[in-house]
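Notes to accompany the following structure.
Letters A, B and C mark the chains in the order given here, with residues in each chain numbered from 1 onward.
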Amino acid sequence: MLGVCPDVTTDRPSRISGFRVVLALVLLVNLILTIALITQVREIQQRVARLPADLATKRDVASLRPLQVRQIIQKNCVECHSARRLGVTVSMEPTEIRGTVERMQTHPGANIPERELERISASIMVVRCARCHDEGTLNLMVLKTQPERIATVRRMAALPGSGVRPDQVTAIAQAFEKLLSQ
Amino acid sequence: MNWRVRLTRWDLILLAITAVGVVLAVVRYAGGIGSVANINNAYPWGWWVGFGIMTMIALGGVGFTITLLVEILGRHRYHVLLRPAVLMGLLCYASAIVMLMVELGRPWKVWMILVSWAPSAALYEVGWCAFLYLNVLVLEFAQVPLEELGWGRALKVLRVIYIPIMLLGVTLSHLHQSSLGTLLTLIPHKINALWWSDQLPLIFLFSAMMAGPALAILEHLVAARWLGFPPNMDMLAGLARIEAWLVGLLLVFRIGDLVVRGAVDAALSGTSFAASFWVEIGFGLLLPLVLLMMPEVRESRAGLATACSLVVAGVLLHRLNVAVFGLRVRHWETYVPSLGEIGISLGIAAGAVFVFGVLVRILPIHEELPPTSSAPESRAAAPAAAAWHGARGVS
Amino acid sequence: MTTPSAKPKAMIQDNTRCIGCRACMIACKSWNNRPADHTEFFAGPGYQNPVDLDANNYTLITFNEIVTGAQPDWVFGRQLCMHCAHPACASACPTTALTKTALGPVVFNESRCIGCRACMQACPFLIPKYDYENLNPKIHKCTFCADRIETGLKPACATVCPTAAISFGDRDDMVAEAKRRIATAPGTYIPEIYGLDDVGGTSVLHLSSVPFEQIGYITGLPKTPMPDLTHRWLRVTPHFFALLYAVFGALTWIMHRRSSRAESKDKDHTT
């Protein structure tokens, strides 16, 4: 039987169309990629849906480590004289502020501890920023590095009407750093 | 039985490759694995396991696949493929075992598996099943030479036990083909997400079943050209349609598995893993599927040969990806198969092809069989065994 | 010496106390008769030498430069066999050459090893190593000094560590001790015990001051034993076998009844 049987494939098979192969292949790949894309989109949708409704802002993060300027001043100064008296400090030089607080120390009943001196002076130093900024904005300073803080204050000094002189920039920036180092 | 075989040019080339493999194997035994192979502590399994063992066993699935199709599902239209398929299965498994003897650190102790009790180890099950299955294949195939030699009594015994051992063989194949996959489910943290799956046993089993008909078709076409008989294109076209279904189902399974495991982003990333994955899927599943779905391809020799070669190559790529390439290791580790590794594995494969070539010329492996066997012994023993008879009855 | 307790043992590796002296590596090599090797300095991270565990080095100190605060600093880690409660290596070995003992160590019986290296693939901590250039090769890994602890001694590394970074005792005691250290010095330790319940629990508990992935440890491992992954497939093997055999047998029978009925029909028609 080997080699004796008539050839069963008498008619020539039709030509294989390369175009049809490529077309079918492209369609199939397309189908797979579409499925892949759909799964990816669904996954992203699920991930986004699982995000917390309230995302934390910079202020939320900064408020984790507040400067506590208000609390320091409230605790050490406002008891004896009203906060209005502090208004005069916005035009004081750093040495003047320090001198004033030291004088307050000598007053009987003031109870200003030695170690708090730096912090109180620093708090009073930054009060002048309240001319334009609120407490939350000031608190954003805790997220910056010291060089960034210096640059920020310098920028404020360049603004007209800020009340900050260029030669005061370093002292103000250092005041922020002192408030953070506690 | 024609013992005289004229060795052709191809035979001599195959023998030469085998000889190179033998020489390299001697070096391996004389100098240790490290003297010929690049496998290291980060990649304990390399080309030898990926190609020489895992792919060979997957391709050996042609034996159980065609047996399942012809003997169990009763599709006797394909009976002419049965003998070559069983012989190929036998030689593939024999090759895998020979490769194992080179690959193991202490091959002289391999019998330890047979005297151990380690049911929790996938390799234990693979070892036992492969050992039993090799015996089954030998018993199944032995009918052919025994028939030629006219050893009637032995032949009668083999025919009586044929159905039970044939069933055993097909069942064992299912077990160990899937267990090779089970073995790799143990390392999800090591295999890239593109290839690890908790369904690896099924993926391994289905890809072995897919490789079967492809290899059978290829063999029929090559043997037809080499031995000079006209290939039965109608039958091949029918088998190619079945193969198209198998490829399509495996493709759906693989992609579906990828989606379910949430590993699609790994496939869309720009890594070399993703590239290898797409090459494997594209050339091993997509392109063959497209080709096999077209009737003009199924009826053409070149078309079938191309499509089936791609399927076989895809299975090889898959095994290599899962067991070697897809491994995550420490960043300073690397592995590239050495020439020695490739040489030995090719030598074993060439040896198997050479033996196949010799056997098909001295035994009636490709003979056309009569539609039904009228030999009374055959029907008494088992109707299915009729498929194994040559045109002559029992002497 | 009092009779050693038969309860399972464990070891604490406290990386905050490790000074990177590598005495443990030397003691280990000495006890296990491993030869010295030629290594390449600076082949890996920093002063880590050798780069990885190998056939001659069963434990390794990892050198890691970690930036804590303003400056980088050395933080050391240690690689060694974790002697898991449910070892993946033992479950993968087809000849039971690796077994988990009651006292804790996962021991290697070299007479049973065929060199298939399945344990190397299976281990989630990448511990077992092979000596490929040997003609009679075998697997190499830390033995937990099983022979020493059976007689009540401590493992070689624990004995020789100068800073008591390595503690050894009953596992319950070691777990309690590790938890106590974290609780009493929270700033020193990160609140994680590596090996406590990773892959179902191990016999080596690591403590660290920085996250473990920064000091060369493999992290992200499941808390369930690795062998569970193969067990759920392998345990149905006998059922699978019986079912398939029955189904295939039934199919064969059905198909051949059909074809022999068709045959006899043909015969009736032709006669």
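Keep this in mind: contacts are C-beta pairs under 8 Å (C-beta built on N, C-alpha and C of every residue); 3 or more make two chains touch, one makes a residue touch a chain.
No experiment lies behind these values; they were computed from the predicted model shown.
Asks: Treating chain B as absent and keeping all other coordinates fixed, how do the remaining chains group by touch?
Replies: Once chain B drops out of the picture, we get A | C.
Asks: By C-alpha centroid distance to the whole-protein centroid, which chain wins?
Replies: When every chain is reduced to its C-alpha mean, the one closest to the whole-protein mean is C.
Asks: How many angstrom lie between the centres of chain B and chain C, each centre taken as the mean Cα position?
Replies: The separation of the two C-alpha centroids amounts to 33 Å.
Asks: Quick one: chain A and chain B, Cα centre-to-centre, how many Å?
Replies: 62
Asks: Using CA atom averages as chain centres, what separation in Å is found between chain A and chain C?
Replies: Roughly 44 Å, centre to centre.
Asks: Going by the touch rule set out above, which residues of chain B reach two or more other chains?
Replies: none
Asks: Going by the contact rule at the top, pick out the chain B residues touching chain A in the complex.
Replies: 227-230, 232-234, 255, 259, 262, 264-265, 267-268, 282, 286-287, 289-291, 293-297, 299-300, 302-303, 366-368, 391
Asks: Note which residues of chain B are touching chain C in the complex, please.
Replies: 31-35, 37, 39-42, 44-45, 68, 71-74, 76, 104-107, 109-110, 112-113, 116-127, 163, 167-168, 170-171, 174-175, 178-179, 182-190, 198, 201, 329-330, 332, 372, 379, 383-384
Asks: In their shared complex, at which residues does chain A touch chain B?
Replies: 1-3, 5, 7-9, 13-17, 20-21, 24-25, 28-29, 32, 35-36, 39-40, 43
Asks: How about chain C: which of its residues touch chain B in the complex?
Replies: My answer: residues 43-44, 51-54, 88, 91-96, 112-118, 120-122, 124, 126, 129-130, 132-138, 218, 220-222, 226-227, 229-231, 233-234, 237, 240-241, 244-245, 248-249, 251-252, 255-256, 258-260, 263.
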